[in-house]
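Here come two complexes built around chain A, the first alongside chain B, the second alongside chain C.
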Partner chain A sequence: MCAKTLTIDGNEVSAADDATILDAATEAGIKIPTLCHLEGVYDIGACRLCLVEAVGIPKLLPACTTKVVEGMNVRTDTERIRKYRRINLELLFAERNHVCSVCVSNNHCELQTLAYNHGMDHVRYDYLFPKWAVDTTHPRYGMDHNRCILCTRCVRVCWHVEGAGTLNTAGRGARSQIIADLIQPWGEADSCTSCGKCVMACPTGALFQRGATVGEMEHDREKLEFIITAREKKQWIP
Partner chain B sequence: MDPLRLATVWMGGCAGCHMSFLDLDEFLIDLAPKVELVFSPVVDAKEYPEGVDLVLIEGAVCNEEHVEMAHKIRRRTKTVVAFGDCAVTGNVTAMRNQLGLGNAENVLQRAYIELADSTGRIPKLKGIVPELLEHVMPLQEVIHVDYYLPGCPPPADRIKALVGALLAGQTPKLEGKDIKFG
Partner chain C sequence: MVLNDLIQIKERELASRKKYVLRCCMAAGCMSSNAQSLKDELEKAVAAAGLKDEVEVRGVGCLKLCCQGPLVQADPAEILYERVKPEDAAAIVAALKGGQAKVSQGDLNHPFFTRQMSIVLANSGIVDPERIDSYIAADGYLALRNALREMEPKEVTDTIVRSGLRGRGGAGFPTGLKWGTVAKSTGTKKYVICNADEGDPGAFMDRSVLESDPHAVLEGMALAAYAVGADQGYIYVRAEYPLAISRLQTAIKQAKQYGLLGSGVFESPFNLTIDLRLGAGAFVCGEETALMASVEGKRGTPRPRPPFPAEKGLWNCPTLINNVETFANVPAIVRNGAEWFAGIGTEKSKGTKVFALAGKIKNTGLIEVPMGTKLRDIVEDMGGGAPDGGTIKAVQTGGPSGGCIPAGSLDTPVDYESLSKLGSIMGSGGMIVMDQATDMVDVARFFMEFCMDESCGKCVPCRAGTAQMHHLLSKIVARKATAEDLAKLEELCDMVKHTSLCGLGQTAPNPVMSTLRFFRGEYTERLQPDTLGRPGTESAVPAGSRAT
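Then we have the complex of A and B:
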């Protein structure tokens, strides 16, 4: 394996041949905000929160799916990037019904945290107020499409960590949605093992344990990390 | 120095933001000599006056009276603050928008007919009860807002940070957890 050298925010960094910009930055202790990225499953570059600039390339690049190139000069925190990240967050809020004050994930939400860390004190776009249903047919978990940002973390852990393949996406654009089996009520999806990994993976309050009221739901992400570490490194570290 | 002419307004919200304002406790005593409270749900003023320096507006814009009031406030006020999540985002007040067109009728039907004990009827006396808008709006969709004070409700410390900065003639700069929704 040969290493590549590049510059991130003025720091000389070396990274593995097949590393992404996000891997290289994380290794060097440089924090790039992410939302659809989840350690342990492959990246899809869906949320565009990790967009970075590379000198000589006019368009912005998603750090999670862009492989490092020898001599690359990356900037992760410029005026332009901050502007686009905030636009991105505002559009996520405007697209569905994210009402933090009555959300099970209030104060434990990655979307909410990213918003205030990026200076989002209001949304400059008109809210769409779409009509979405809440699926509470599963005996243990609920799915609230109002709070979904379509990051597909749940789909990826369902297929590639649990191996059940229950969750999926259907539809186009803003009308896309997470579905169970053949667009069935979640409670009737035979392939679901009720493992709850999707709930652990969800960055917002879209997937939740039933019986949790406002602000009570925590995602238990450590449990998921434990499983992923065990799979990848054969180490059972509690 | 003349006291700052302060107003607080209650539109489509639950009054929780005003409760949080009262939660400023002893800061209210510091505030008292520096401001003149010219209009507020907690003082007996009927008409929003001219020449207001600072207004905190709680609540979303839900009915025709709110729209009219918002424009009047903007004309008569130097600095407008969207006070709390309903004013900033629409929040719970705007959840009826999800029901689509005709939601105002549905909401009234539910509140005044379906949930009525016996003699339910929808209040609609012209000129007395303002008509609900088809679509609840955050304040900035109706008038220009100078500063945003999110939170449901904004904690007293957050209100103090913003009002304190404005009183000191500084530009308030809320950041991090101080702009958290919810």
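Then we have the complex of A and C:
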């Protein structure tokens, strides 16, 4: 195996023979935004946020799936690319309901962070916001399709890390959705091992641990009564 | 099967020909207007007249002038009967030996017929697609025999290279170059795939070829498989084409019986199995990487290229994938030679192209013309212009990936380069004619709705972008959009075109961009003042915010 040298944003970098542009950039400390990329599972080139320009190649290249070529001259942050990235993010925010203030992932969401980083202070497109159901049939986890960006990171960890093959994609276009088994309520999907890897993989608040969402906190009044009874009557029974 | 057998079958078939032939179109168009009972009635009428020894009633493929179906052609008198009803059968049989049947007759000297040049459709309307002997009588499988017994695989590829044949699926990639790449790719297992997932609205060329001459496609695939070193072929045909599927199944079965498919074809070491795979109704499965995923039994979504199918295709093996019409050209090229084919058409676009003429035009149907024929000749001479005294406004080619060519550019020759200069594409062959009553913004919205519905949903620009563009177009049609909305639409066209993962998304903005280019007024006249009171004219939007 021989290494390759290339230029990324004016910096000469070396990369392993089978490295992708994203690998090479990451190693050189150059940050390329991604959403569908997840370390540990294979790449699909779907979110199109990591598109970069390469001198002499008319098409934009997805950094996550394009292998480095000797002498390649890559530019990751041109005005044109920044414009496309911002439109891409705006499209995602207009496509489904991503109201951050009431989201379980608020302030630790990859989509939100990318929007901040790209100066997306408002969305110019009309919000389409179709009504999607929230699946809370699983005892430990919930799935909110309204927050889903269909990056399929959950599907890939479910199949290729856990090996359960519970999650999948169904439907097409804007009507695509993540499903459990054969479009069953998640809680009834026999193949699910409840490993929670999908929740760890999710870049937004689409997959979450139950008990953590807005409105889910329950006041345990009985506990209070128990303590008062114990203090006043010296009885340790409810 | 050896050469002698082939010759014997041909001679036997020709010797059994009867004096009179009634060719009944049995392609889907005529079948849907009762052609089957018409053919039955004709057979009964022949029997009743005691002419069974003299008259053959032959079910054939497409007779091309679909709008006048059901069609029957009487030979040797060369009379084309139009809109024939089953009750006309006796009159047509009676007229065979002179006299006139009181049935509407088509003009076979009309430019619609005389300007056609048939290579792909040479057997269409002549051979019986359900009988392999009929195809062999038209020199079918001769090219395959000669290639297998007298040519090296490389010579076959070279023939295709020299012929200048380009992919008929729409993009026009040089076919010989593709074959050469697959042939050179290393791998013990290789595949050939025929893409018969025709899905553009208004396009029915591939369906007609499959229904009319399925053996030509099989022979083309076999020649390709020999050239690239494949022993397994798949025809991916959409399930909505039941007649094409049944004729392909019949053809494959007959070819196997004759030893023209299977092991040791023409007693050579060449083996080939061809199987059918049916599409499940997704337009995107016409995209080659999605098609291959579907053949593998996976969800039909495209993946980034490279690697190209020629290097890593079906189950990661080198795979050749061509369109129906491309394969149907191959036997004729091998039989007649590369130079013959290269002598037809223009400098960069060789041969002929089949178009499905549809829309606001008198003669709708199937035409095959040499590359370089002017659009005006096709729509005005052959198509007969707009019906009811209307005038043609535009011609749409390339379906949802193509564009609208305005009437002013009708003198453009039909070839890959000229059409793309006009912001359209050759496409697979759908040609929809539009008259003055057509609303171009609505046309753009129709195609955008199609792309939005057919987007697989994998990549963001295509999934969310087409939805947003459709939303903006609907606003413009409803006269609720501002100049800023139009600017957003143009910006989205640029973004979706350049950032989408596959061809569906990359070409989805084409109908919008092309109607904006030639019919911008139809967009701007509907714009409304915005909330700041700025008028609905384009100058109201600061230049900086407009798409470049």
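Note that the second predicted complex is superposed on the first by the 213 of 238 C-alpha atoms of A that agree within 3 Å, B and C clash if a C-alpha of one lies under 4 Å from a C-alpha of the other, contacts with A are read in each partner's own complex, and residues count from 1 in each chain.
Following the convention adopted for this analysis, a residue touches a chain if its C-beta (ideal position, glycine included) is under 8 Å from a C-beta of that chain, and two chains touch if they have at least 3 such contacts.
Note that this is a predicted model, so its numbers are computed, not measured.
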Ask   = Which partner does A:W159 contact after superposing on A: first (chain B), second (chain C), both, neither?
value = neither
Ask   = After superposition on the shared chain, which partner residues are touched by A:N107: those of chain B (first), chain C (second), both, or neither?
value = first
Ask   = So, A:F226: does it touch chain B (first), chain C (second), both, or neither?
value = neither
Key: chain B versus chain C as contact partner of A:D126, first or second or both or neither   = both
Task = Please determine whether it is chain B or chain C that touches the greater number of chain A residues.
result = C
Query = After superposition on the shared chain, which partner residues are touched by A:P62: those of chain B (first), chain C (second), both, or neither?
reply = second
Query = So, A:V99: does it touch chain B (first), chain C (second), both, or neither?
reply = first
Ask   = Where on chain A do the contacts with chain B and the contacts with chain C coincide?
value = 124, 126
Inquiry  = Show me the residue ranges of chain A that touch chain B in the complex, using the header's touch definition.
reply    = 93, 97, 99-103, 106-107, 112, 115-117, 119-124, 126-127, 129-132, 146, 215
Ask   = Given the complex with chain C, which residues does chain A contribute to the contact?
value = 44-49, 51, 59-60, 62, 65-66, 83-84, 87-88, 91-92, 94-95, 124-126, 128, 149-150, 168-169, 171-176
Ask   = Quick one: in the complex, what on chain C touches chain A?
value = 282, 284, 299, 303-304, 452-461, 463-468, 471, 488, 491-492, 495, 498-501
Query = Mind pulling up the chain B residues that touch chain A in the complex?
reply = 82, 85, 88-92, 94-95, 97-100, 135, 138, 140-141, 145, 148, 150, 152, 174-182
